[in-house]
């Protein structure tokens, strides 16, 4: 499974759970060009592996991530020697690509749990806003840093954060670029739980991922897709979509397994979703 | 008014306030087939009675509700002996019907206050998410139980809960199916107030309902409809709808009554909305 | 700059920051007809002045505002002697105009910070819900008062408040019209920070405004527009709009200034946006 | 099947096809209060009868329909002696009910074909706009008559007609209330085919209905639901819904039958959808 | 009424009908900076004059309009000597202003009828797409000229034309920039009627405007607003808005007048909407 | 450029125009598994080649295409031996993939012109509905064949066709599956032009493509993106997006070239958009 070797991430597979760890600790896991292509590449591989059921996203070293590496701006700057209308067109394409890196987190069928320690700055907030669940160490801290370097954050923070926490608070954080703490983040509803240190954090995140991986992967995929659908639609629309979804996906097999296992005080064992082979056109 | 007798609910009428209490305490108010048809039937009757101005929803016995009764799954399971495409079509219709039970709460012109004690599990969360206000006892507890029995919750939790509390928290609860406490629920913004025990809870809910029933029922109906409209539309759309609504509904009678009563240090008495007779085609 | 003289507001200009202070303290800054026309007039002037970068909104006297002045209802009442269909049409136009006063806050390119002390009642909540950031004194208090005078709030509270705080809480406040405290408001996520008294409050708000005014006004305008866009659109739509926005707006000048200033441990000085002259057709 | 006897409609059942014919020829099938309640009642009964696969809607006598009977306005006029805000609230409810009569056409699982001869005026256009297919005699004529009697059409014409034909043309017709001919209506795309006289029209409509009734009722229901969904959503949303729909509904049984019948040069015989019994909660 | 004097338009008032005629025939009514500010200014004045009930839009000389005058591009070109991000921001503001000129047509309460002869090029198509009804001479011709001068049309054609005619045809016309004839335009549904020459065209348009001006101005305003609302919303949303609209606007006065006049074979005379005085805050 | 060799398509490059011709004439260009993967693969390659400016889509042999090849159903049928909930999940993924083949046509920056002769059946209609412009021979014919083989069309016809032609007509065609002619299709607005035979058709399509390829590729890309955006959004949203788009994309270079060329009676030569190298992250 060497395709999981990566120039930016450590990939640690533990049964149905995979930990992707940003591995450029000497640069605070700054998001180099490699980062932007490697994350969606790895996620797509994991999504097509029917045995994967949850992913944990962490960082090596002292910090989760310091955000966009300035090197990644270089290719953008190069555009501006071109005819300005064409440069703008190309820049739009480039930003869409960068956004695609984080939207890839929403496209996989399993939850991605961010486990954040130390700094989570700039692009880091764009990234964790696209994750399904977030845990942090007590000493983690956050900042929508883009406004402090003279730009409008454009890879997802302004779109996703105000749909996770109070938009009133999200606005204040986006205008001031001020640092906020893990405890604040938990009070805002952004963070689901706090750990004392990085070791405890990773243990908690892996434990949560293992717990999720024991549940029906079909039901989990349904939760993920329908939560995302509901976020972006009116309630009546969401209900109709949900009914249409379960019209095909709700069948007795998993319910029966769950009930029987519960009666026998055992853990139910649910079958994987179908693998990529079944899905090829 | 015998049409308010019900095989599932106790109906307790106190002037303009009606308490509907799930009355199957020996089964933790599990939602039997009767539940699903009785709730919308009762709400429709109350909605057409112009003297009703608020409803409180409670449960008899130790728990608010344990959610869907497994018996209700039986009729679903029976579908699967049919041709599978037609079974899926029928299942979609059935889920839409079940969803309709809770959407009926949103369709009545008055607020429905859920008063929750003990367990509020599975379908219980779908139900309280459709209510207008929620109170609970300190020892109440909650769980999106569906994921633990191998299915994706499909009668409203995934659509409505993330529009009441942080979607970040809603996702964590939906993926893990973990139990959460009334105090957590209050911190999430789901619960408006806590009582020490069931007796105090019901007293508080009835008091709140009585307070609401002294206000203009026309203004209350306007608040309900416009809050629901705003939830599902952009702000500019909501403002336009609100202006169009009040173009017809805002008239001096109730304002004058309110101001005169306030000057006289009395309680204003507002007329009911027109009764069902006026509404028949 | 005498066009900034106002019959309702004190206008205090401090460099790039302008404080608009409601100045009818003897009537608790009740919103007279003057208020409704002066606020958008002043905002439009400030918006066309390229040197303005942030606005603070305060009230003179003991209270922020007691909301709609009853005098403003008089012109509405006068409508009802007309043919009722035409009266309804005229009332809709009038409500749209009143709503426009607060929507003007969203249309300017810079953030508007509300600094609230004492009472913030009725129309006051409509107004602060349209602001970008809110600070308050510890003894400030709030109430969606409209329901207590027999009407459905129609100038923005029902549309904007549930998109700032939990809609579950917003509903409870709208149905009961109960008073809530600044600390509650902070816990709901409505208020970003508390001060001990009015003096401290205004100092804090002005400091925050000055801080924001040191940032790139182009980036700030991008944050404002994209936050508002994201509130009203699905995430994918928001991302596309963001990419299209920055295709034109993201250029190296401000980033370079920011990086160079950071290296030199200085404050970057960003150019204003282009003034109104450049914008005339 | 006496529940299909109706005070307004002739009901003619021919195998899987049912013809509903407005039967008040002496009044040009003006829409009396009976009309508004009978049409949705009959459609609901037919929808719950699994053997029904298509409906044809016609009128007895010289005209399809002259639209709303003035008697139906009487109950509306009665409202206006009440408190005006409450009258407006009641009127809104009443209009929603009237709209519901035509929306019922969209809610049944089978296509409804309108066969129009003579006059189709006012409410008649609201009605045929909600049908799935429209045929007419060459001498049929149409008019959005509401504007000529001093009112804005409010039961569907302004909402549905501009989504069937050019909104530019729909606007002209709605502002002028001018009569337009069947040939114009065909050129606009409103009418799918013309017959020489009423007899030929009904024969053609019944023939089309019979043809549709030989097709898979599951596939037909899917076409109906997805066309309506697509009308009201963006293309990407519609594609997602379609894929989710067919995830459950597309199974080999009907395709196999169709292919085998085609090879054997026979007509495939498709099973009905499941009947109402399977759908009860 | 000298405020109706205009540097770009001839204003011809004939009772309740006003004809605005572009009056720069020597330049084919090219849209100079004056045009862009004068059109919305005049429309706003007419909208606040309660006696105006319809507007006809024509051009003096040989052509309706040749579209944007190149002089109007000059102020745009001047922007590009500025810092490029700020230039982009200013350009966006400027395009929004230009779009506002045509959106003003949609904001007035009465229909605007475009009467087109000769060339209708570039900005001319943007303009007529925002009108409510369009008539033309047989020799009129049209072209989405923007693509031929190297730019994407940005003041409304791409947004409104495909919502008036087949988007398939609109796309072909937008990509090729080819000239199309009045007869084609009529077949597309864009044009409601053809006249033999300019004189006949203006007579027909004025006659249609006079006819509309005899109808209830309240009902006409309702048609306009609801057609625009329906264009931009799903059908269910449109129906709800329509019911809410008529809850306030539908009252017996105009219906009674219409019925009585019809019985007496006379023309009903409907009261004006309320004038601007009633609408001032 | 051997990556343009294809197992299903002939690829004919003529300067900036590329013709993709389905090349399985012995099977009426039935859509085999190869078809579904080759079309998006080729389009992506052409999109990243900055010199390509228009594509023409044709078919070899007697027919444009007979639609989905039954072989492609085989992999679907194989799914149904699996656990039914997981089979449904997999089928949804597969349908999304198939839809992606046609959505790829909308994602490229240049117009795709379909040139249709002979039969265009089933999947053929899904495909041409996703193209930008359609031409046909007079003897071409069309049918939404899916309904005749017992299934609901699910790769785009029901979503896109009713947004190209009258939804009233689209519904009739979808319910009956009847054959319709090229002349009908032209009257519906689906087809922009008719040729006498395949040779003339291809000549006309190539000529149109060459004409488009002489225009500014930046302006053409803007037309394409904004037409698609407008289709799926309200007009105000579309206008805002358009203004934001041109804020970055409208620059003097192309306009100047166009004006100078026009004065010199020459053809302007516009620069390509930036190539893929500039766009890599």
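Every chain is named by a letter (A, B, C, D, E and F) in the order it is written, and numbering of its residues begins at 1.
By our rule, a contact is a pair of C-beta atoms (placed from the backbone, for glycine too) under 8 Å apart; a residue touches a chain by one contact, two chains touch by 3 or more.
From a predicted model like this one, the values you see are computed outputs, not experimental measurements.
Novice: Quick one: compare the interface residues of chain B with those of chain C and tell me same or different, with half as the dividing line.
Specialist: Different: when the shared numbers are divided by all numbers used, the fraction is under half.
Novice: Per the definition at the top, count C-beta pairs in contact and tell me whether B-E or E-F has more.
Specialist: Looking at B-E and E-F side by side, E-F shows more C-beta contacts.
Novice: Need the CA-centroid distance for the pair chain D / chain E, whole Å please.
Specialist: Spacing between the chain centres: roughly 33 Å.
Novice: So, what's the distance in Å between the C-alpha centres of chain E and chain A?
Specialist: 48
Novice: Among the residues of chain B, pick out those that touch two or more other chains and give their numbers.
Specialist: In chain B, 80, 84, 88-89, 91-92, 163, 165, 188, 218, 231, 233, 244-245, 247-251, 254 touch at least two other chains.
Novice: Within their complex, state which residues of chain F touch chain E.
Specialist: 111, 132-134, 163-165, 188-192, 208, 211-212, 215-216, 218-220, 222-223, 226-227, 230-231, 234-236, 238-240, 242-252, 254-255, 257-259, 262, 268, 270
Novice: Using the touch definition up top, name the residues of chain C that touch chain B in the complex.
Specialist: Checking each residue of chain C against chain B gives 70, 73, 76-77, 80, 88-89, 91-92, 95-96, 99, 103, 146-154, 156, 158-160, 162-163, 165-172, 174-177, 188, 231-233.
Novice: Going by the contact rule set out above, which residues of chain F touch chain C in the complex?
Specialist: For this pair, the touching residues of chain F are 233, 241, 244-245, 247-249.
Novice: Using the touch definition up top, name the residues of chain A that touch chain F in the complex.
Specialist: Residue list for chain A touching chain F: 33, 36-37, 72, 75, 78-79, 82-94, 97-98, 218, 221, 248-251, 253-254, 271, 273-274, 278-281.
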